[in-house]
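Notes to accompany the following structure.
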């Protein structure tokens, strides 16, 4: 296991590449999910406000 | 002087002559940037000589880029650009005419003052000749490509900085070829290949970019 | 310079009027136009037809899309839906561009501040493919009360005077259709009268006019109204 | 013929696209995970280490896919932008805009992994090698596209203007690549070039292929998801959005 993690002495380079890639892809997905959620919440609120206005 | 395009060319040149400070500012920028380089990297003549092609080209490229913001913005602000869209001539040709006028006002002076700066950086006469030739072919490419960026940033806040981001990456090929031409002579080989490619690039830009610029102008005024 | 001869030339007026471009017998139609600005729908299903000799006045409160409509009609903007026709051709594919059949005066005067009124008009005329004559230009400027101001840089002129220069430029370019966005803004009563005369003359020689204006100016001729909003 | 036309129209209609993409995304996501799992296992565990570069060569399994995706997505983005500009198809505009961030991310990753691979191989993080330099310029092109899109308020104008920029960029990419390559050979000779193991072992090749596919599937899933968000934002007042909200759709 340690041998695997050591990557023949190239650990910083290999893991630096793989982990950064994994990290950035995850960040991209999280950012997208956050954007989607806040947008949906916002649209819902607009719809609610509009419905209230129509009632009055 | 009655043809519409000639009338436009003359109009732009006349306007520039009535406000010569605009063109002079660009030349001034070019001179100052080049003059600052030795202060940053030391006065060793041989070292300066080896950096000269790149320094001169990058400075020229920045000068052209900065001047480009004005290419359409005045006409945009006072509404004449809108009227140009209604002129019964192909917009691509009108745009090309404006670019030619702009190059005569800003690009050509850069070519003309470049020998003075080259002497300061210890270039030899044959190298200076090639530098001028390369700038003569290359600065029109810079104006032609840059015009697209100028059109795309019409009326945007922070347009000047945005132009830089849009246009500078596209300036890589002329920079490589132009500075490379002088470099080649410096290292005792011929600059012909560089200059031929640069010429081909100019012809291509001459035919292709005005249409993209015209499309961009139409979009930004839509 | 034989100046005395140049005054009161009877033919001159005719040379200006006769040139109305040859397509003057075509109709100008808007079919099912829609426009939006940002998120907002300005108008939709807008239709009208304009025949030679007719004037269309577009009215409506501020921000209802008058300027957007005029820009679409002049081919500067693309409508969200629908099409504008010059005869049977869509206006944006007319030979020589929309500018060959119509003249447009927007909110901006489109004048070069560093040039004189005369230069501005001469250059615009050449850009439009004509060969404007100096005397014609001077006569037109004189008629609009700008005698003596012809060779001053435009930046010295007042707002109203600049507007008049822009009007002179438009009237000197004989186009079948004139599209005027608030032409009366910043004009005084006298000049409004002159402009009215010019508009009526344009209509009698089978020209078309589309105009937006705040004040009602009664014009003799075949006038239509289009209310937006 | 006409039937196909209708289908195409159905796909381009925002509501249909929204629903279809919503159904497709989970499948692409699942494929992405599966392919990455297999690819990473093969690349990091199964494939033997290189006799010259040792284990550092394993970076190739992400360097090459990210570089390919970076370049390919730019071309795809320009193609969608052109379709949107010429035929005025709004869905194409949405797709072009949705592709840009993912393309930029992959381009950045290609540069990052290239630098980390370069250190053990050449002794420096960055060499002005033709490929790395071109990728750097490609990243700038992406940034320019996104910056222009963000700078223009009117949505239609923003799409059209950045479409022009994308098309200019895509014409320039080969010119940039060849001029950089030329510059590179003139200045450095052939002393430093990436040698991707001339005889590539089958296992390496298969792994690379799987990783490329994984990056592909990831791009499809993320781009579709971003296009959906983009659509929601554009059409927030449209009836189909309201209907889907009331229906409690995700």
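So that you can tell them apart, the chains are marked A, B, C and D in the order they are listed, and the count of residues begins at 1 in each.
Everything below uses one rule, namely that contacts are C-beta pairs under 8 Å (C-beta built on N, C-alpha and C of every residue); 3 or more make two chains touch, one makes a residue touch a chain.
The shown structure was predicted, so the numbers you read here are calculated from the model rather than taken from an experiment.
Central chain assignment: B. Criterion: smallest distance from chain C-alpha mean to the mean of all protein C-alpha atoms. Centroid analysis (C-alpha atoms only) places A farthest from chain B. Taking each chain's centre as the mean of its C-alpha atoms, chain C lies 50 Å from chain D.
Here the spacing of chain A and chain B, counted between their Cα centres, is 43 Å.
Look at where the CA atoms of chain A average out and do the same for chain D: the two points lie 17 Å apart. If you average the CA atoms of chain B and of chain D, the two centres end up 32 Å from each other.
Residue positions 222 of chain B each touch two or more of the other chains. Those residues of chain D that touch chain A in the complex are listed here as 40, 44-45, 49, 54-56, 58-59, 62-63, 66, 101-102, 105, 108-109, 112-113, 116-117, 119-120, 218, 222, 225-226, 228-229, 232-233, 236, 241-242, 245.
Those residues of chain D that touch chain B in the complex are listed here as 137, 140-141, 143-144, 147-148, 151-152, 156-157, 160-161, 164-165, 167-169, 171-172, 175-176, 179-180, 182-183, 186. Residue ranges of chain B in contact with chain D, taken from their complex: 148, 152-153, 156-158, 162, 165-166, 168-170, 172-173, 176-177, 180, 184, 197, 201, 208-209, 212, 215-216, 219-220, 222.
Those residues of chain C whose C-beta lies close enough to touch chain B in the complex are 74-78, 96-100, 102-104, 106-115, 119, 123-124, 126-129, 131. Residue ranges on chain A touching chain D, taken from their complex, read 4, 7-10, 12-14, 16-18, 20-21, 24-25, 28-29, 32, 35-36, 39-40, 43-44, 46-47.
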